[in-house]
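Each of the next two complexes has subunit A plus one more chain, namely subunit B in the first and subunit C in the second.
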Partner chain A sequence: MGYAAARGGIDAIVAAEELVRRKRDEGSSPKLEVGQLIERLGLAVDRVVGEGGLWAPELAAFALRQTEGDVIEAVHLLRAYRSTLPRLAHGLVVEMAELEILRRIVPAYRTPPGPQLLGRTLDYVGRILDTGGSSKARPGTPSVGAEPAVATGERTDVPRLYAESVTNRPKQSNGAPLERHPGRLLNVLASMDLLVDHPRDDDPEPFDITAQPVRPGLPRSAILSVMARAETGALVNLWYRNVLGPDGYIHEVTLGEVRHGRVPVRVLHPHTERPVTIGTVRVTEVEAIEDLNGPDEQRDRFDVGYGLCFGHNERKAIAMANLDIAVRRDQGATMLEQSVIMTTDGLDASGFLEHLKLPHYVTFRSMVDRKRAVRAASPVNGRARTGSPQPGPAPAAGPVAGSTAGGDCADAQPAGSPVLPLGATE
Partner chain B sequence: MRLGRERRCELLAASAPGRLVALADRCLEDGSVSLDLRSGPAVGTVALEVREPVLGQRFILGDVLVTSAEVEWRGKRGWATLLGRDRAAALAAAICDAELEAGGPLSAEVEGLCADTEAALRAAAREEESELAETVVRFEELL
Partner chain C sequence: MTSSFLTGSLALSTHASQRCFRSLLQALANPGQLVTLEEPDAVAAGAAVIALALADIDTPVAIVGDEKLASEVSEATRAPLVPVGEARLVALLHPARQLVAQCRTGSAEAPELGAKVGLACSGLVAGAGGEPGPEPNSPSGVTLVLEGPGVEGTRKVFIEGIEGDVFEAIATSNRHFPAGLDAWLVGPEGNVVGLPRSTRIEVA
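Entry: the complex of A and B
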């Protein structure tokens, strides 16, 4: 597929950009500080981080502000920025038992190893619009427009690792220490001999989707990476289609672990070659338990799908976990793997969609030419072949699709010729 | 307190940027020593690889934004890599690392900064745990 470029319009483009900038940066309300976005719109920031594939909350907040809250555009900015950066190191492998939980629920099992920890959630409260009357600002909370405590996502007077979570919170006392690295339901099921065994004696290098093209037939490591930075809505839609849609995959869905927490980022010290934890990042992790019921499956056991993404985005991780096991069970029988790989990247999809707004004058003109050629070759003016078998009055003659397309058609005419209506023969 | 090299780097990477830069500036006030930038400070990424627990397979979750710097100061190499995009803090952490490695005159203050950071991290962790503990739940089953 090729596209003919257009040129010109620079003055109008600059003026349009200036309109955006002025309204965004010079509106009547105080300018939105990045720290406010990180603190108060953290889930949106997390979504940009996750779909951007780059843990950089501060930059994600900048991107959200620049794009006026357009998540996909913000992801575009973040990915573009990331593409300019060198990869300085490959982190040491994180074992997911290292995840320090901030929230952990096990919907499938009441008494898993370790606590069921609600953490920060609104899952159990009514969806009631708060127009500001019930907001409880703490004493000392900066008012809108005041310099926020977090100016750029990181306070300079507190350690980096906890800069985003340290605020003026009231002190609480507590009894027993909280288990922050609980065991998994997975292991409970395994101990009950209820899990499909997946013996492996290899440990293949993971596929790097930022360095190699993504095409169907990839190893699972690539599919997991693709889903980890996929567009949230695309994953949810694909999951929903599989569960309830026309594809015939209706099956029981039960979640094992749903976790939000921190994992360490470790690199080797260049001098001692021993591990150094340079910080932590937050992730959401989900295990989805699958009730196997296929004729060739072990119907007396469960299998488990896995989801993991940057930030706090349970919707995405749940969809990912269910699609992981769905792809594995499908084994290439349908287009599911291809759909996951080729259609869930937000940047791919929106990039293709957005480009449709660019001038396609030449493309469309060639389509008009083809229609005319078909019509010219048709013995009955072409109408019998175009899905309109009923004889009837000819469409009213006039410019094609209004004045704009008429202008395109005018481009196709010899200089000085009148615009020919579509119904006319040349 | 005598920290291991790696733990020192971890604590410097986690230290408040403002304090790091101020301390490094004080180190640099010693005009008899020249600072040699060996690399950076450079903004880049670290690939974050995880091993998922279901099949035990590794995959790349994504990249993490970091800033890294390496210096030579008082005849010793100092190194730092920290999360985010902060060249000044990374350079300062590398200088502080070298100052302590070389046993420079501000070594005790670098150790003090590390100790303060460690204490602040512990306090923040305690506070966080205290808050989270209130949300532990045991739902009842309706039979």
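Entry: the complex of A and C
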């Protein structure tokens, strides 16, 4: 029980929590409404939804408010909450052709099947800080895609930003209604016989990363699942260090599809056993085209990586698609698959990191003892190498007392002790 | 939040099953200490409360000794019914040595695959707080002396309705910790005592 050293610290812990609560809940400005978070900080909510692996924007907004905007802590709350709920049904497989696009671009091809629909994006707008708080659109800004929020009657206490009107659709310039289920560039490439074929005649159940531990050597469904709820920054970093950095396992892809839209969720009705749509989720979907150039690869064809995550998070889905194809090309030759599987989960990584703040008095004391033992066992008994026979001033270790965590400091050393004076009082 | 998906007559509400979960966790964290389930529906399920409160659609369960109850619990939770040797949650309404021996224990690499087992008994006497437990005098039961994490010194539990060799079978299944099985003794009126795999059991 090396970490259970919070002796007498309960009062300090409660007081510390109260400090957090007071500043968060009792500031001078009005309390944040959850609806505001969903409506005005929607991308942050989407990150929590995606990294939490649970489609629940309202719960994610509660979590973000509770954690003062700390995304990973909010993800922790969301996953912990989900773990208390029973699974009621399994969703049926959704064909991604059913994705109803809110935004769709095809960077690889000027005239793909269906429209290039910018939707909501600031990709082409100057990054100019707006401190005016004006909610008015800038003059000349086209209103395409600025679809009105329309309540769907599902809930009335939370604004339904994402319940975009289906009836008030923008029209194309020729007056025809916008194609919301466009075909894919990949189909064009396939018809030109330019894609590597990955035929398989079985249909295995996808690997459930929420129920089984993930280890290298798992099927692609596990790797994709891990990335779908991975931390956005972790995926971006892993992608970047592989493209530009020391690892260099992958090269840049061309994006075939970048889509943000809605897909239906269906389950079998418990009584009739018929498929029934119980809602929709918003996802970001990316197809990344890989220009195969390896000596053993089909160099007259392309291969494709796939990215899909909850919410609107293009950065994450693009990194995921690029890493997906990179892992498949790599075939276990490097550490890439292991890096993706073992190091991109935000909750895993931050949990491990945060635990370093817990008391390590006993383990560290043991390390000091080992240093002393090594020194005592050395031929010159260590004295010659220290360079100074007198005890030096106590660096940093000196008076730790005075922290408001009070009783926790029972192990604090008396001031003026010699270097590393870890006494026998632990 | 009661789900319309769970329609069996035994189905617990989400909050009821969460309270049961908390009680069962409390029992495992304090081996040999009496914990009482408060939900009437859970109490009525007897040892099958293990499955009723903890199972969902992804949890294979085995309820041995009452087929009607087994199908009702399966309907209420949507959990699939499987043989004892494949179940994550097991309820033995008439515990027997060979049934316990069939329960999964997982492995050192995957101890989480060890079964959680509810054992029905007709009488259960144990201390409720930090007390060491009573000195029972009925000749028909079994007294266990427990030792290990969560037990200060030793703690005694008196059980009626389960043969002593059942506990020897549990000890055998748990001899390769961390592999093993976690058990609850479930007596009348919602009384529960936990026997996690880390507890050393001696039949007095």
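In this text, the second predicted complex is superposed on the first by the 332 of 426 C-alpha atoms of A that agree within 3 Å, B and C clash if a C-alpha of one lies under 4 Å from a C-alpha of the other, contacts with A are read in each partner's own complex, and residues count from 1 in each chain.
The rule is short, and it goes like this: a contact is a pair of C-beta atoms (placed from the backbone, for glycine too) under 8 Å apart; a residue touches a chain by one contact, two chains touch by 3 or more.
These numbers were taken from a predicted model, which means no experiment stands behind them.
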Which of subunit B and subunit C A:Pro115 touches, first, second, both or neither: first
Partner chain in contact with A:Pro270 - subunit B first, subunit C second, else both or neither: both
First, second, both or neither for A:Phe302, with subunit B first and subunit C second: neither
Partner chain in contact with A:Pro206 - subunit B first, subunit C second, else both or neither: first
First, second, both or neither for A:Glu287, with subunit B first and subunit C second: first
Subunit B versus subunit C as contact partner of A:His90, first or second or both or neither: both
If touched residues of subunit A are counted for subunit B and for subunit C, the larger one: B
Those residues of subunit A which subunit B touches in one complex and subunit C touches in the other: 85-90, 208, 270-271
Subunit B partner contacts - residues on subunit A that touch it in the complex: 50, 53-56, 58-59, 82, 85-97, 102-103, 110-111, 115-119, 153-162, 165-166, 169, 171-175, 177-178, 180, 184, 186, 198, 200, 203-210, 220-222, 224-225, 228-229, 263, 265, 267, 269-272, 274-279, 281, 283, 287, 304-306, 308-310
Interface residues, subunit B side, partner subunit A - complex: 5-6, 9-10, 13-19, 42-66, 68, 70, 77, 79, 81-86, 117, 120-121, 124-125, 127-139, 141
Residues of subunit C touching subunit A in the complex: 3, 5-7, 14, 17-18, 21, 55-58, 77-78, 110
Footprint of subunit C on subunit A - complex, ascending: 84-90, 208, 211, 213, 270-271
